[in-house]
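In what follows, a single structure is set out as structure tokens and then discussed.
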Amino acid sequence: MTSLNFHPAGRHVLGIPGPSPVPDRLLRAMSYPTIDHRGPEFGVLGHRVLAGLQRIFQTRHPVVVYPASGTGAWEAALTNVLSPGDAVLMYETGHFASLWRKMAERLGLAPEVVALPGICPQTGLPNSWRRGVQPDLIERRLREDGGHQIKAVCVVHNETSTGVTSDIAAVRRAIDAAGHPALLLVDTISGLASADYRHDEWGVDVTVSGSQKGLMLPPGISFNAVSPKALEAARSARLPKAFWAWDEIIEINKTGYWPYTPNTNLLYALVEAVDMLETEGLSAVFARHQRLGAACRAAVLAWGLDVQCADPAVYSPVLTGVVVPQGVDADAVRQLIYERFNLSLGTGLSKLKGRMFRIGHLGECNDLSLLAALSGCEMGLKLAGVRLQGSGVAAAMEVLQHSATCQARYPG
Amino acid sequence: MTSLNFHPAGRHVLGIPGPSPVPDRLLRAMSYPTIDHRGPEFGVLGHRVLAGLQRIFQTRHPVVVYPASGTGAWEAALTNVLSPGDAVLMYETGHFASLWRKMAERLGLAPEVVALPGICPQTGLPNSWRRGVQPDLIERRLREDGGHQIKAVCVVHNETSTGVTSDIAAVRRAIDAAGHPALLLVDTISGLASADYRHDEWGVDVTVSGSQKGLMLPPGISFNAVSPKALEAARSARLPKAFWAWDEIIEINKTGYWPYTPNTNLLYALVEAVDMLETEGLSAVFARHQRLGAACRAAVLAWGLDVQCADPAVYSPVLTGVVVPQGVDADAVRQLIYERFNLSLGTGLSKLKGRMFRIGHLGECNDLSLLAALSGCEMGLKLAGVRLQGSGVAAAMEVLQHSATCQARYPG
Amino acid sequence: MTSLNFHPAGRHVLGIPGPSPVPDRLLRAMSYPTIDHRGPEFGVLGHRVLAGLQRIFQTRHPVVVYPASGTGAWEAALTNVLSPGDAVLMYETGHFASLWRKMAERLGLAPEVVALPGICPQTGLPNSWRRGVQPDLIERRLREDGGHQIKAVCVVHNETSTGVTSDIAAVRRAIDAAGHPALLLVDTISGLASADYRHDEWGVDVTVSGSQKGLMLPPGISFNAVSPKALEAARSARLPKAFWAWDEIIEINKTGYWPYTPNTNLLYALVEAVDMLETEGLSAVFARHQRLGAACRAAVLAWGLDVQCADPAVYSPVLTGVVVPQGVDADAVRQLIYERFNLSLGTGLSKLKGRMFRIGHLGECNDLSLLAALSGCEMGLKLAGVRLQGSGVAAAMEVLQHSATCQARYPG
Amino acid sequence: MTSLNFHPAGRHVLGIPGPSPVPDRLLRAMSYPTIDHRGPEFGVLGHRVLAGLQRIFQTRHPVVVYPASGTGAWEAALTNVLSPGDAVLMYETGHFASLWRKMAERLGLAPEVVALPGICPQTGLPNSWRRGVQPDLIERRLREDGGHQIKAVCVVHNETSTGVTSDIAAVRRAIDAAGHPALLLVDTISGLASADYRHDEWGVDVTVSGSQKGLMLPPGISFNAVSPKALEAARSARLPKAFWAWDEIIEINKTGYWPYTPNTNLLYALVEAVDMLETEGLSAVFARHQRLGAACRAAVLAWGLDVQCADPAVYSPVLTGVVVPQGVDADAVRQLIYERFNLSLGTGLSKLKGRMFRIGHLGECNDLSLLAALSGCEMGLKLAGVRLQGSGVAAAMEVLQHSATCQARYPG
């Protein structure tokens, strides 16, 4: 009776930095029959899910799975380890870091923002939104906090609004250098499984992530990876929590089950996604995204436009922000590209509205799907009257051609 | 690479009271491509979802959709309208009412339990778990609360652990009769879209529901339908909330969008489910479930067993609890049925563990799928050595045969 | 835009003797991306398909796969080994044997029908349509054919119109006893993978089969399993053929490819189906169908009705024909059952029109799905005013309960 | 248990000239439950299928649907209207025209080949395989056939092996100019629904087509559109036929049913495909393919390579053949592109083996999917050491950018 063809079916290119296109393997997995989540088969599934996630987060400690989207996992990270009024140091790398801070305020915490000051003179964009987390700023602030009022440091690993991937290990070193006991809370919602991420090795206490980016699932699952120190903190944390509470979940997870109804069909897809990632090999997955990011940036530079991320050391392998020339409305360009070339691009968020657009190259992206998206951008920018210095597609092909390795085995 | 055949594929009968079997139409809808939830097509979807839900909840007021499972919607109902330490009157009809109370405690509220006292002498089961909400007990307690310390009355419409569907309109009348301003919060997670439910007409302030029962979706979406009085209460409620906060969601919903990532693929299925329900007609859907419930209870009585619900006025059209004779382990019977007849039944929860099992007849259940489940039960009970008085299947067929109406049009 | 809900989605019980319900595992397999049938991956698929089919047909010789429905494979069997005007001995067991004969005539062959004479006095149905192939009649006729004019003997293994499974090994012994060189051509379109079938051991020269019965696929693939003697005969056969010609297909199949476009997506499902059958074990599959057939016949007898097959030695494990009392219109009963209980049953074909209906218990049928179908029949027969002696469902449950073995492992 | 990941799932670009990529809408349609093809719902489906096909073939006369792949429909066209030994004039435009001729021989007809003589001096390729059907050659030959020995003229509308789309109306005019009664049989297996095709207006007697090209389905359905004159001829044609016989099918089709088992699940997809094509509009579909073909050829010319089709008047909108320089092995290039860029291209067939490859731009192809394929070709050709004059991708973008029109409506 109904039509769900809200979109031009089957031919749309989803070039936003997440949700990323869901591979047909995962769609098939999602269509397995829903089973009794208290029944005997379920435990087998649960154990596979939990073990797989530990490998993806690179941790030997618990990964808590929420049948909820990523914003919920942000809340879980805060409510499990903090108490009303606690001071939290939050580094502002962009829109999502900023939203997390607003949530902290709303929950009754006392967030303190640290960020690189100033405005980029050429583009008029805030410096802090064009660069990664500056560990020295964090270290300095923590050294000042002799009374250890600051209970947690919150940073975003891959800032989806800008395309900046900060150095989390350096943040941990900064905290340690300051000799400060604050917990390290990291959001890698858009980084996980596309960019390298090491929960244990980097000394993260709570890692927040979600399903609809590098894991290639639809939205609806989110995660907290939890260190022993975070678990310890959770014992005395006094923010009210029930749905998000780790204790009961982790306890029951030992049997492969959950205390309340898990979203079984997405767990099927998660098992399949982990299998896809591990068949390719996590390091190959990361290398693929690095290569795609390099090609994408080569395109932007060839066009003569600016990459939103101004520090090459922290370019994101997940997405690239493209700054349009002053006077051009990036959203009008996006609309033109959508209408003429059936391609969705990410909008500039908040302070960046109209000044830039974002190209996702995460999840199952490969050479030709990136080139398809770049082709649409190049034609659309020209049609919108933006003067381009050269062909970004040609530049990206140059990068990809010279770094091409075997993507598929030819059995013949 | 991977196998998701955790269960015997394609032939398993899911006879639990939810998650209910997901119709193939909904599985197909879930496989539509994930779209940009900030893109132009999404608003069309969002408006359809929200309008459809209002018709299902029978309300003209907002229905808030959470990308989370039902337990989360419980928390949302509490945190949006209550403040730390608030007294809440919670009626105990069974395991789920009891869990909701535990959540209220965990969130720092002061729940007060009201319940029918005593133990059923024949079965040894608590009276309160065999009957519906007693409005007079609520009215009496509210009348005592001259200072209006009680801020909310919480009841479960369809108690999934027992198979009792309470009279919500009567609870509203009791509150009004007591002249008490307490909000009425109702959980109809398992009732909605199988049992008649009228948010506005019955004067409910917050209705909590979920996707995986009468709506026939996999778990992962949950709801709060919200009255103007509840919205008013939310303005001054002081429990911390962010993910669950109504205000921002309701504001942005006006445009058809959500403030954070919705689980788009489940929303596709939701639109399709509403279409299925409305094509059949809501009143026809409710009548179908009433008829299936009657047939199921006829089977239980023919077997000579007790229905968990001891009050015919509140038999559930969603599920039927079957009390096994003393000395029989209901879970051993369930296991035998699972292994021999590939049928999943609901376990007895908490106080009912081992004493009963539950048969779901919700969602897309029809005559023949109910009879399939009853056949499995009858054979399994016999194999387990339970003495049956007669054939429950024959009794159920009798009911269904005599009340059969056109289920499918024969074009010929 | 379009609606494909030609049928009441998701809840219809398909109780016809094929096409059988397609398990969701196979539907998922069919949704794998279509690949280049001349590309390197395809050969891997092709080899798996061909090797799997040999195990299912129990043959070491070639199995030719046609991207066509079963009727095409009938034509292929005839045109590959016969020449214009050739005499063919065709045993009439029912409607499908009869249709095959008509095809032989149409192709310019000279079919001679052999059948049991006479009419059953009680039911008025032809004896030949209630019993299996009589090998002695074949042997007698072949002995008379001293000049070996008869080039082939054609029999139907499982006659879908009646529910009779003939003894193919006995037919081979009859041909051998007559010392006659005629080829043995067998149609097991509806028997394969539900009833035991042994191409090599039983000395069959050409076995014809299809996808939509025991293999559980949608229609669209059909087969010829071919003995060395048949291949030899094909060299000199002069009926024109191109699409159906074995030679080119068998030659190219050695590489895993086909000379013309195969229906790739159904081949995916075929691989999956073989995997399902072999995971259960072919002998367990056959035993399951025998058991279901016994239960179904117990139901018919309990109702006081006749089973179409009058010889217990050749009862079909695939389907059961149910003869309705004289004066009852079986198709009116079927329509009532369809409309009231959303259950499709097989119609009486040709000479049996209106006199009987057919219940399929093939493919992925199990205890509870059979009981669902029998329940629908029992209620519908009663509603149609047919006097039943007793409950067929109860009788079937009796059979199934006492022969129940483990269908699913309970890991707990 | 099994893995069907014969191919790198979800990310492979299928750039062959058919089977074309199956849109997810069609995959979903294929997963509808198989229904009783003799049951009451089926007739509704059957009538929709047949009416839709008439609109696609642009005919008011019957379209016969075969549950078989395209090669079968070739055989059907011949066997329904011809008798053993009949002379048939077959124009050789390439490999598929040649295969059809071989089939005619195999079926006992007397095909006479007509073709443009000579070899292209630059490329060494046969002239006839680089140009379309020459109506004057046909006219001349028919004029010589005073005795009307020639019963049919067979031409290929869109020659998939070369990328040439012949002028069918001109062939009809040639036959008429010669005053010859021969039937006109046309293969548009790869042309239908991507290139304009008018069965009635162009005076075609039998049109042969298939499902896996412009109709975007998997292989497995094929067609004969049949003129009244062809139906008349069928009455006296004496080639044996049964499965392919039009008479019985057309008769039973009047009720919406088929005489033997149709492949129901592909019919679901067919209804959906017709809906997609008609929603876009047939003329818009044809214009889209013309535009994609122009862009593809612009790329080939920019590379400095030859298009296989040497006559601009008959360039195919379905596919483009790319001639590689002498000394380059086109299949080695294809293999490299497959392995490095996960892109399948069509091989050079028969006389063209190793000399060219083929790029499909049929079915649901759009601007960005074509550019993805061209990017893969360009990078692969360079990696293979082929000297390219310039960027084909840039040239194609130039064409597409300047001719871009609205592909998707932006509701905002």
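By written order: A, B, C and D. Residues from 1 in each chain.
In this section, a residue touches a chain if its C-beta (ideal position, glycine included) is under 8 Å from a C-beta of that chain, and two chains touch if they have at least 3 such contacts.
Composition by chain, UniProt nomenclature: A, B, C, D = Pyridoxal-phosphate-dependent aminotransferase family protein.
Computed from a predicted model, the values in this text were never measured in an experiment.
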Copies chain D and chain C - interface residue numbers shared by over half, same or different: same
Chain whose average C-alpha position is farthest from chain A's own: C
A-D against A-C, pair bridged by the larger set of C-beta contacts: A-D
Between chain C and chain D, centroid-to-centroid distance (C-alpha), Å: 35
Cα-centroid distance, chain A relative to chain D, in whole angstrom: 45
Centre distance in Å when chain A and chain C are each reduced to the mean of their C-alpha atoms: 54
Numbers and ranges of chain A residues touching at least 2 other chains: 1-2, 5, 7, 9-10, 12, 24, 27-28, 31-33, 40-41, 44, 276, 338, 410, 412
Contacting residues of chain A [partner chain C, same complex]: 1-3, 5, 24, 28, 31-33, 40-41, 43-44, 410-412
Residue ranges of chain C touching chain B (in the complex, touch as defined): 5, 7-13, 23-25, 276, 335, 338-343, 364, 366-369, 371-373, 375-376, 378-379, 382-383, 391, 393-394, 397, 400-401, 404-410, 412
Interface residues, chain D side, partner chain C - complex: 1-2, 4, 6-7, 9-10, 12, 14, 16, 19, 21-22, 27-42, 44-45, 66-72, 74-75, 79, 84, 103, 106-108, 210, 212, 218-220, 239-243, 245, 260-266, 268, 271-272, 275-276, 279, 338, 344, 346-347
